[in-house]
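Which chain is which? They are A, B and C, in the order written, and residues in each are numbered from 1.
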């Protein structure tokens, strides 16, 4: 054991740091997916596409800022701007003109509609940004690297991935929990989640809540994508991969769980990055092995609750 | 009447702080019609749900025909001969009444044969004969989602009877049935069950129905059995009149 | 009535396919692929009857196709490769099915998608075994012991595909009329009742799932023996999406719909895909949205309408 650590300790440290940064990104997407599902009762298959489009948009705005010779520090706010732009445009458009028409439909039709949206948005990316990898890492270079002490050694790691990614994720988690439990709007959203009919009967405008929630969920996914854009190149298929991965997180945590999504994102993020360093062939398998393993033992996920229908 | 068919001992189940079953002891005798009465929320449906495996009690024992059935799935309990009908009729809404009945008939034997048509003559005839006994022949080819509440209730019970249970648990068989039809429907139902020698437990709010058809009456109150006896005895008990029937002084047309 | 009507239409369709193939031999390839996909779509249709949609059935197509590719060097005969590929997919369907039939709707659809994406990633990454995106070539197999020249071989596979298609359609008709087949729609409308009839809803769904995997497997084997080149793309989510797309386009009504849908789909694709390579999914997604929102019955519904019958 001690020998193994001497040989592999640094690698493990790197895997943990990588995993944490990765988990932070996955969490941003998964929590949006969960929030939207909790309120609208629709699982948006196109949610991963918001991640991809958020990333591409951030890269484009970032490149524009650089080309104009604007101040470098703008690289960071640009990421948030991208999320706001994508969420603010795509969210209301899709909720208002597509989802609103299918709330009363069978679940299978709702799934098909969001799947159709997914097909559309995956190609929209190709049409706008092409199929060549797009990469813009100004935000990451801006902050430089930090030497993270690890045992007797230290690991050089980018400050961006060490502080910004987990920081934003933590802020989202705490902020969202606070928002849902302590603010009026948040409580309205929770009320709609728990009992839509009663909430509507009490005069809550469900339409508005749906619109806001969907837009916010889309913006969270887009923010995840924007934050990821400095760390990895964007290629076609990113949206699909992200969608499936964030579903794995949501399924592991249990549908509708917010804190649970954070824990599941950590499990899956760390599991995956440990595999990347120690068993690269299994990288793609690990998240799903975790998911299937959890579901075999707890069919509703780690924190999911069983609903007994009244008969 | 010979012997105990269903035996519940000390059943307990709480939802949050609400005790839906707080020590239920009940023996259902073979061949009897036992009515369960009591206010809403007293745990009547919970008792049926526990007896059929839909809900698991937190304590106690249930046996059927001398065999322990606690912890078995609804499926396994049905196969042992405990059928049930529902307060909200559970019909296959994309199917006709005949197809609903045929599915129930087929489920007794050979449901899992991919090559036998559902409406093969034998199953079809049995289903039609069943519908006739329930007076549903006229709507055999109507889709289940197009029926009125009374017909849905009857079709729901017919599906349970198609399984040829020894014991049938019925959750409010007459709720939603028009008052003018009620007695005729219950009469028909009682005849079907007596002919098929089915023991029946039914949750009922209409004291006229209870008085006419029940052999024994159990009064539910806050998860417990407050009284148990013959209809004459129970329905004239001043406590029961005040606690249970008192809220239904309107007579036989009480709301469900 | 409808059955007779359907038989006539099926005969006409088979005759039309054979005639078209005879008149323009270059159509043989497209028509074989279309027939194969129609068989796979028939399986999707069975699941749709139960209100379930799988976004991952290309998994079984690809699994069978790769089975054929791996076995071709040793067992180079259609008479062996076709059943072995299909049975391999069926066996996989039993394993995957045992897991996914515990779920409905969202989870059913998404778990299928996730598992298919895992298999896709493995096909892509395990280069030493699968040759990654290069794929594997399949040499010209014998046909029931006969070494045919290419043109005759292509005809032989087309006819085989048509025979299988008719057999599958007839089987689907019989199956759907049986208690198990009728039980599928019972799962959609009132699953709890099935359990209270002593019937396992999971077993009912599993039967349909395994049959659908077998049908997807037949399709995969035919595709592998027709294109004679298997790539991971066969198992990508877009391939699964195509099957769902055709199922909706063909209409969920009859057993002819899938084949009408598949032929229309493949013909359009040949002409359109070249000009709109990066917008193909966008076109499919938009069409899917329009069909779901405005023409629920799909092509089959249109046929019924034109022939004066209600969908």
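As a working rule, a contact is a pair of C-beta atoms (placed from the backbone, for glycine too) under 8 Å apart; a residue touches a chain by one contact, two chains touch by 3 or more.
All of these numbers come straight from a predicted model, not from anything done at the bench.
Participant: Hop across touching chains from subunit B and tell me the fewest hops that reach subunit C.
Facilitator: The fewest steps needed to get from subunit B to subunit C is 1.
Participant: From the centre of subunit C, which chain's CA centre is farthest?
Facilitator: B
Participant: What whole-Å value do you get for the distance between subunit B and subunit C if each is reduced to the mean of its CA atoms?
Facilitator: Going by mean C-alpha positions, subunit B sits 44 Å from subunit C.
Participant: Calculate how many whole Å lie between the centre of subunit A and the centre of subunit B, each centre taken as the average of the chain's C-alpha atoms.
Facilitator: 49
Participant: How big is the gap, in whole Å, between where the Cα atoms of subunit A centre and where those of subunit C centre?
Facilitator: 33
Participant: Please output the residue numbers of subunit A that touch at least 2 other chains, ranges allowed.
Facilitator: Subunit A, residues with two or more chain partners: 311.
Participant: Could you list which residues of subunit C touch at least two other chains?
Facilitator: Within subunit C, residues 192 contact more than one other chain.
Participant: Can you list the subunit B residues in contact with two or more other chains?
Facilitator: Answer for subunit B, listing residues that touch two or more other chains: 90.
Participant: What residues on subunit C touch subunit A, complex-wise?
Facilitator: Touching subunit A: residues 48, 51-53, 55, 99, 102-107, 109-111, 113-115, 117-118, 121-122, 125-126, 192, 237-238, 241, 244, 248, 278-282, 284-286, 288-289, 292-293 of subunit C.
Participant: Touching residues of subunit C toward subunit B in the complex: what are they?
Facilitator: 174-175, 177-183, 185-186, 188-190, 192-200, 203, 207
Participant: Considering only the defined contacts, which subunit A positions touch subunit C in the complex?
Facilitator: That would be residues 37, 43, 45, 98, 101, 106-109, 111-113, 115-120, 122-124, 126-127, 131, 240-241, 244, 247-248, 251, 255, 281, 283-285, 288, 291-292, 295-296, 299, 309, 311 of subunit A.
Participant: Along subunit B, where are the residues that touch subunit C in the complex?
Facilitator: So the residues of subunit B touching subunit C come out as 52, 73-75, 78-79, 83-84, 90-95, 99, 102-104, 106-108, 110-119, 159-160, 163.
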